[in-house]
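Labels A, B, C and D are assigned to the chains in the order they are written; within every chain, residues are numbered from 1.
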Amino acid sequence: MAVIIDKDNVILVQGITGKQGSFHTAQMLAYGARVAAGVSPGKGGWEVHGVPVFDTVAEAVEKHPITSSIIFIPAPGVKDAALEAMSAGIKTLVIITEHVPLHDELDIMAYAEKLNVTVIGPNTFGIISPGQSKMGIMPNSIYTPGPVGVVARSGTLSYEIAYNLTVNGIGQSTVVGLGGDRVVGLSFTDVLEKFERDPETKVVVVVGEIGGNAEEEAALYIRQMTKPVVAFLAGRSAPPGKRMGHAGAIIERGKGTFASKVAALTAAGAKVAVLPWEVAELVKEALEG
Amino acid sequence: MAVIIDKDNVILVQGITGKQGSFHTAQMLAYGARVAAGVSPGKGGWEVHGVPVFDTVAEAVEKHPITSSIIFIPAPGVKDAALEAMSAGIKTLVIITEHVPLHDELDIMAYAEKLNVTVIGPNTFGIISPGQSKMGIMPNSIYTPGPVGVVARSGTLSYEIAYNLTVNGIGQSTVVGLGGDRVVGLSFTDVLEKFERDPETKVVVVVGEIGGNAEEEAALYIRQMTKPVVAFLAGRSAPPGKRMGHAGAIIERGKGTFASKVAALTAAGAKVAVLPWEVAELVKEALEG
Amino acid sequence: MKLYEYMGKDIFRREGIPVPRGKAFFSPEGVADFVSGLPSAVVKSQVLSGGRGKAGGIKFPGTPAEAEAAAGELLSTVIKDLPVHAVLVEERLQIDKEYYVAITVDGARRKPLVIASAHGGVDIEEVAEEHLVKMHVDVHAGLQPYFGREVARRMGLPPDEARQLSQLLVKMYHLFRTYDAELVEINPLVVSGNQLVAADAKITLDDEASFRFPDWLPRVEERTEKEQRAAEIGISFVELGGDIGVMANGAGITMATLDMIHHFGGSPRNFMDAGGGAGTEATARALEILLSTNPKAILVNIFGGITRCDDVARAFARVKETVGIPVPIVIRLVGTNEEAGVEILKQQGINAYRTVQDAVARAVELAAGKEAI
Amino acid sequence: MKLYEYMGKDIFRREGIPVPRGKAFFSPEGVADFVSGLPSAVVKSQVLSGGRGKAGGIKFPGTPAEAEAAAGELLSTVIKDLPVHAVLVEERLQIDKEYYVAITVDGARRKPLVIASAHGGVDIEEVAEEHLVKMHVDVHAGLQPYFGREVARRMGLPPDEARQLSQLLVKMYHLFRTYDAELVEINPLVVSGNQLVAADAKITLDDEASFRFPDWLPRVEERTEKEQRAAEIGISFVELGGDIGVMANGAGITMATLDMIHHFGGSPRNFMDAGGGAGTEATARALEILLSTNPKAILVNIFGGITRCDDVARAFARVKETVGIPVPIVIRLVGTNEEAGVEILKQQGINAYRTVQDAVARAVELAAGKEAI
């Protein structure tokens, strides 16, 4: 078992003929993910790494039993691609693209809410259920199946954490990247709820960072969880008031600070690590406890 | 029992301080309908026939256990009023106003679908469940409780039919006016399904007219119904190609003609009356059969 | 409100939808000059009804002088009872293919509907169902480019045309929504040297939204003078040609009243729906319109709901006292404020009927010349 | 992109939001002339940071000549490190009441959020929670007039002001959506003789949507020259002041890398997120920016995902071979195409680390002047 995607997941790649779409289609296939079709307007009839390409999502879903789609379209076309996938009936959507306009994200999320679609991203590394399926740009080699659910705001940081777990012999049920933008499809809480219900997941790792109040909100739910939670937080040393890369990471007036997040998570019963290599140890303790 | 509204219906009147809103609030109160509150921007604190007036729907629903709203707002403000009611959580909406712009109707219906709201109208006489509740502009005196469900496109024509039933000693469970516009909230089929499920309704009367294909579509559902259906159709003598009052009543190229409607309804097992006074007789036969 | 082709193309141009070079003329003056700047020209009479080509309303002049002559000729013709007040002079397109595309409202589904076909250039009613592409738009999503690509795929268009059609549909939908259109139709949508071009433009705007039409948009009037007078007071009026003047309140009941007149062997002079809560003033003016058609008898069928019987009765009293009612009149009056209405009429010597069949039967008798009560 | 007040008010004017009569000046010339047409005037320096009033950036001249002098004075000042390039000269409003109103995006709810208060004119962060009205907008409904009436009710406004606020919010929302705004804020929204007037205008547009900003809108630049160079190649760069130059791929991992440097007793010179799949060219230019800050050592922490290790390695090879890398450099390299990347670096004599703690510890040692490997 796993959350959101498992071995029955049949994938569509939107933007499959582009550089990233084509490269990561090969990586997903190499991982064993079931990539059934791709879409690229005007390129219907092509093949990319043996995967058939269609002009529209409607045509692809007509001809293949697609369950989810991953989007590698340049930012200005992401809203169009996302609405296309949703209106064609796709219920799980992973949007890798970064720099998607904020208002396009608002439109995408409103439509996803209307049609009950799970959106991962935008600006995410994606999602992987090790040994079952992968929709994303994460390296194939750093995961192994197991009992730990991981949910992260930030991509590379989650690789570091997952890699550390794997190196220490601890596998993952599913690793989910929420995405680094101000508006993304899932919150920590949304994913924590799924992990809480997933019988295979025994411990959950939350990879957060300074800025915003997503971790503080997650803490409210963590209080009610039966499963142990280990959190890692980046940004302890960040100077206040500076914008660090993405919108989440602004520290202002005592909100979203490192200290407030540590306090909220600790009070909720989570163990908080502040160096990446501490996570595996805390998880091991939680698994054994 | 009845469909859509019954004795537990608690009504809000939007546009209660206007001429029509005020007049029909009095009529609804006289009928025994539970009109709990009214809305009229800038007139919060007023009373109309003893009914308290609020500035916004949100305030009214905060203070009264409203279940439905009836709109008497001039056409340009109907979209605003309808979206206000829906966003405040009201799930049954009756829109009396005529001349509502078509695109506003599209917006209202899309939002109603999103929020699962039942919309009656626009351009309707409303809905009455005799002896229980009334939201509309129909005369109070012409209905009596009983086993016949009536659904009509056209207001006055339905009065004629209901009056004839009452005069002949046949009561009604609920009388619903779909509304005369091209885009309205309910179809004949939507209401027929409710009557089919309502234990108190024994026979259903469909009051239709030439133009459009609403009656032909209804016929598809009537085939599956267990309850007898009597239909009345107006427009047998109408000349082709003339626009008769509202958009529904255009006859073109053999579609939506009197003959095609009669054929469809008859084939579906409905009895079709072409003079108003024949309806009561056919209903009586159906009730006895 | 239906727009003339030249008005539709003006709007297309504003919205970035490709149209041929062209200009509307209300007199032949200047046509030759304009045409001399075009490789070849077409002169099209501007009428609201279809089939103007078959009616001789489109000319293909060989020279600028011929074009000016053609314009003059068309501007002096009458097509289907309507004088031609304008011609559109356009560059004549090379036509490689003809498609059809339209956006309208599907009332049954309560959504905008796109209809398209690779078989354009003919009456769309004559195109076989399997050659029509029909797709509904969710107004919450809007019409996004993907929608156009899917329409193009179902039409079987090649990639470059698909890309153009997608852009075109996004613009058509924008027009459809921002101008309160009931219909935006391009037939034919021409492929001319690899470019999609709107060779015709048919736009119908929703009259109910006229209060927010742009100021610069001319108003187009299609009604007869009597229908226009009725429309001004919010009443639907259609002339039919029989001898019984009819007034009722509500489109359905009015149609049913006409049916009943026929049933009793009579013949209605008109359809008049005075419904929607018309007050005394509007009802009086409606009655005057009715009288101006010189019927042999008048039948009034009012079932008061939002319309109030006393308002209606007062209108009849007023007209009787001022201009007079010189023909036999039969009034059926029930519903809201019925007693007050009946009383007012009684004071005018009019006995109102309660039962519709009695009233209709009596009106038919009176029109047939049987003695008055 | 933050807009200057005068730009925001230009947009307000286009959208029909009431603003005081006013004009932006980039030199004092013409100010006296303009002010002589106003009953009384205010001269406001145009800066992007808050608190310009306390910093002396707002003047209330008594005469047109004084206004021109005030403009000249303000145009030669520097507020919070930024030279004032423009002043806005406006009619001075009679202020009866001051409100606050803003539209922004609530990321947690994924919806536009309207924030309003009857306690305006002060820093909104200082207004008590119970005096704030917060309501989310459903983009499928849009912000309709009723929404503004409900905001006004919760603010406790009288009917006429409620009506005006409702109209104002509809227009603000239209602006917010059509201009891709992150924030539209009016503080104070002034009641001046029964009229609501926007006395200030704060608009921040979403940089990610800059490709569709209107052509006439000037671009406003707030970054330092190095940050600007980094932004041009799609890289986030913030100067911090320590001695270890840092490059990593991803905002989170970069912050974590800074944390680890602190953990080992070091001090980072900068934040540089070279993530998002930067190729060889962008990475090479990012490294050059890093070198231009003269760090004592450089720490590179790459965990390849969409970023490919061989691309990164090739960038280091290129810079080393061309401009050279005159400081000690520690590279941690794992993930996509790791073997190829490690091999390329080896040919340059650089041994890549696999484990982040070893790499960070080593970089801190090197910056502290401990001998190189």
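Here, a contact is a pair of C-beta atoms (placed from the backbone, for glycine too) under 8 Å apart; a residue touches a chain by one contact, two chains touch by 3 or more.
Chain labels with UniProt names: A, B = Succinate--CoA ligase [ADP-forming] subunit alpha; C, D = Succinate--CoA ligase [ADP-forming] subunit beta.
The shown structure was predicted, so the numbers you read here are calculated from the model rather than taken from an experiment.
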{"item": "Length of the shortest touching-chain route, chain B through to chain D", "value": "1"}
{"item": "Pair joined by the larger number of C-beta contacts - B-C, A-C", "value": "B-C"}
{"item": "Centroid comparison with chain A (C-alpha atoms), farthest chain", "value": "C"}
{"item": "For chain A paired with chain B, centre-to-centre distance based on mean C-alpha positions, whole Å", "value": "48"}
{"item": "Distance from the mean Cα position of chain C to that of chain B, given in whole angstrom", "value": "26"}
{"item": "Mean-CA-position distance for chain C and chain A (Å)", "value": "54"}
{"item": "Averaged-CA centre spacing for the pair chain D and chain C, given as whole angstrom", "value": "54"}
{"item": "Residue list for chain C, restricted to those that touch at least two other chains", "value": "138, 140"}
{"item": "For chain A, residues that touch 2 or more chains besides their own", "value": "110, 114"}
{"item": "Touching residues on chain B, where the partner in the complex is chain D", "value": "41-44, 55-59, 77, 79-81, 83-84, 86-87, 110-111, 114"}
{"item": "Chain A residues touching chain D - in the complex, by the definition given at the top", "value": "20, 24, 27, 75-76, 96, 98-107, 109-110, 113-114, 125, 136-139, 141-142, 152-160, 163, 180, 182-185, 187, 207, 209-210, 212-214, 217, 234-239, 242-249, 253, 274-277"}
{"item": "Chain C to chain B touching residues, read off their complex", "value": "105, 107-108, 110-112, 125, 138-140, 177, 180, 182, 206, 208-209, 211-212, 236, 238, 240, 248-256, 258-263, 268, 271, 273, 275-277, 303-307, 334-336, 338, 356-357"}
{"item": "Chain D residues touching chain B - in the complex, by the definition given at the top", "value": "138, 140-141, 144-147, 149-150, 153, 159-160, 162-163"}
